[in-house]
Amino acid sequence: MDRRVVNRARLETFSDGVFAIAITLLVLTITAPNDYADLGADLMNRWPALAAYVVSFVVIGIMWLNHHSLFASFATVDRPLFYLNLAVLISVVLLPYPTGILGEALRRQSGAREAAVFYSALMAVNAYTWAALWLYASAGRRLLTDDYPEDRRRPATVAFTGGTLVYTATIAIAFVNPMACLATHAAVALWYAFDPLTTRSGGG
Amino acid sequence: MDRRVVNRARLETFSDGVFAIAITLLVLTITAPNDYADLGADLMNRWPALAAYVVSFVVIGIMWLNHHSLFASFATVDRPLFYLNLAVLISVVLLPYPTGILGEALRRQSGAREAAVFYSALMAVNAYTWAALWLYASAGRRLLTDDYPEDRRRPATVAFTGGTLVYTATIAIAFVNPMACLATHAAVALWYAFDPLTTRSGGG
Amino acid sequence: MDRRVVNRARLETFSDGVFAIAITLLVLTITAPNDYADLGADLMNRWPALAAYVVSFVVIGIMWLNHHSLFASFATVDRPLFYLNLAVLISVVLLPYPTGILGEALRRQSGAREAAVFYSALMAVNAYTWAALWLYASAGRRLLTDDYPEDRRRPATVAFTGGTLVYTATIAIAFVNPMACLATHAAVALWYAFDPLTTRSGGG
Amino acid sequence: MDRRVVNRARLETFSDGVFAIAITLLVLTITAPNDYADLGADLMNRWPALAAYVVSFVVIGIMWLNHHSLFASFATVDRPLFYLNLAVLISVVLLPYPTGILGEALRRQSGAREAAVFYSALMAVNAYTWAALWLYASAGRRLLTDDYPEDRRRPATVAFTGGTLVYTATIAIAFVNPMACLATHAAVALWYAFDPLTTRSGGG
């Protein structure tokens, strides 16, 4: 056995664990109410935190799905891919932090712009790490399985590099309108949900 | 391989992880004591939080069991099922939040009604997502295994759609008596524990 | 397939996940320092929290090991065993709560007796759930594998029922001396570490 | 089956779970902002917490990778190895605690030296447990697979015992300069990333 090769199954299990925990820790981003005497109103006021929770939940869930599709395309996993995967996970795990801040800032109607910029910047970093991972794995078909269709490589590369531009653009939207920025993140996640990387027909 | 098909084993592992983490995070719903000089009394006063913890623990544990039975009935997992499963998980993961609030409201004897309504509303949303998942998977036997008995489909549909009515009714109970509402949730979970979906005899 | 039978592998994975998360959440039981100007002294004062962390970590780790040995003795897993396992997990997941309180009470030198009683009472409940699980599974060899040696059943039953007495006794020790109580829990865990359930020779 | 033997796959899954959760809980080490009116500046001031987060993330990620390489060298897992592995995990799980304190102390510019000493001391304890685990498993090739190359044992022993010296030395660096200490931890982790234990050629 070449010991520089990483066991793909164990790496997927580890990554699945990290995705599952990060998505579940999102519940901690909604701060506890502090007015039990008027609990209904207090909870109602926290709807931006709930919205941010749902958006980040969908974002991480779809990321998990694409991670799973992507790794099914890899014949082997080597050390560089492990480190690129670790870079992806660093930004995924951090996501609950700006999620909580964005929800709280929208509730307080104070600092929402900075919070949305922070959230978008982290998502952009995340998009760059995904793109780097894909470019490393797909260049010269380095890690791709033999049956990965050649005519799907280019569209996938377009999707990943295009993702970096889209998420960089959300930073600009954050400056204009934090709420529109959050909605954009939801929309982009849903766009990825239709999974252009894996559902596009081979002849497209 | 049809890439629109999701790997069932990995989705189950991911879902198992989310259930396991959500159930474990419930421990964080019991707030720390603040009176160490009279710690015994302080802890005793927190019994509603402990009760809410136990109820939500049993609820999530039984949900995991039914998830496991249900997915054993599926021959394949496709994208729409993945998203319906994600919708189920969004409400499962959120459950610790109203659990903590309900326990705290009962302890403070303030806001318990609103807290029980919130808890029940989330459980109702959860029941609707389960019903949607089942209806999608079972309509025309879309995703069912060949050996899934035809005469068990209707009782399962009755159980899932009935669940939405039951949980919607708990919202009304919450308005009347928060403590009775919590007890109702425990009772319904125990009723599901006898698992009418899977233990009912094929000839029933 | 008898659908009342639970998939043992998935239940083990779920239980492993819960053990892994509960053991890791123990890190949250050590409260943050509040005096950064004299951080060294502040951290030193928190040694009881560190001691409680280590004891609970070893307790849960050894429980995981015994869970793993025990389930290897089971030929099948049925619904009642699932619920008994859930009862075991309820008390395992709760353990970080009294762990944090005990560490904090020892540091404040206030409420340590009540905290140790609470910790011991939870461990006693846990021991009763383990004993119930074993007695259910082993009575009439209900769930045991065919190759499970008959002459090891009685010693295992003695160990499990004896455990309930030992842990009940730690409640009394807690009243006398909280620190000795914590040390007793460490000692009992180490005694279980030598695993009388599985290492005792068949002819003993 | 010798029941003193631990199921390697289940122990790896358990350990993977603990690593995955510990790495994800690192997100909780970055404290929430408290000035939403000037959120941008508040978040900027927290860069040391982000730096500590990234360093600990990389440290745990690479530790996971080496755990995975190491266990692939073991033919069997016995009870003593289980306990040595548990000792490794105790220090891994604790790592978020000094990570959070170090980030906060650097931000406050108060107590950073003590925080860096604490962080480094824990890393040193961790290095000692790794070395003990390796020495136990490799002495007389006790648990090694038959195909583990004999000429790689000595370099591995040098790397593990050298690691204890390196991490002990970081305690001294902490006294001199906390920030340089954090950078040293990052550098050592990256050095381990090149994995001298497994990539060194057999004939070296």
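For reference, chains read A, B, C and D in written order, and residue numbers begin at 1 within each chain.
One rule holds in what follows: a residue touches a chain if its C-beta (ideal position, glycine included) is under 8 Å from a C-beta of that chain, and two chains touch if they have at least 3 such contacts.
Predicted model, so just to flag it, every value in this text is computed and none were measured.
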What is the chain whose Cα centre is as far as it gets from that of chain D?
B
Please compute the C-alpha centroid of chain B, do the same for chain C, then give the distance between them in whole Å.
26
Report, in whole Å, the distance between the mean C-alpha point of chain B and the mean C-alpha point of chain D.
37
Two or more other chains are touched by the chain A residues 13, 17, 21, 25, 28
Can the chain contact pattern be summarised as a line, a ring, a star, a complete graph, or none of these (other)?
ring
Give the list of chain C residues in touch with chain B in this complex.
1, 3-4, 6-7, 10, 13-14, 17-18, 21-22, 25, 28, 79, 82-83, 86, 89-90, 93-94, 96-97, 100-101, 104-105, 108, 110-111, 114-115, 117-118
Chain D - residues contacting chain A, complex
12-13, 16-17, 19-21, 23-28, 30, 32-33, 36-40, 43, 53-54, 57-58, 61, 64-65, 68-69, 72, 193, 195, 198-199
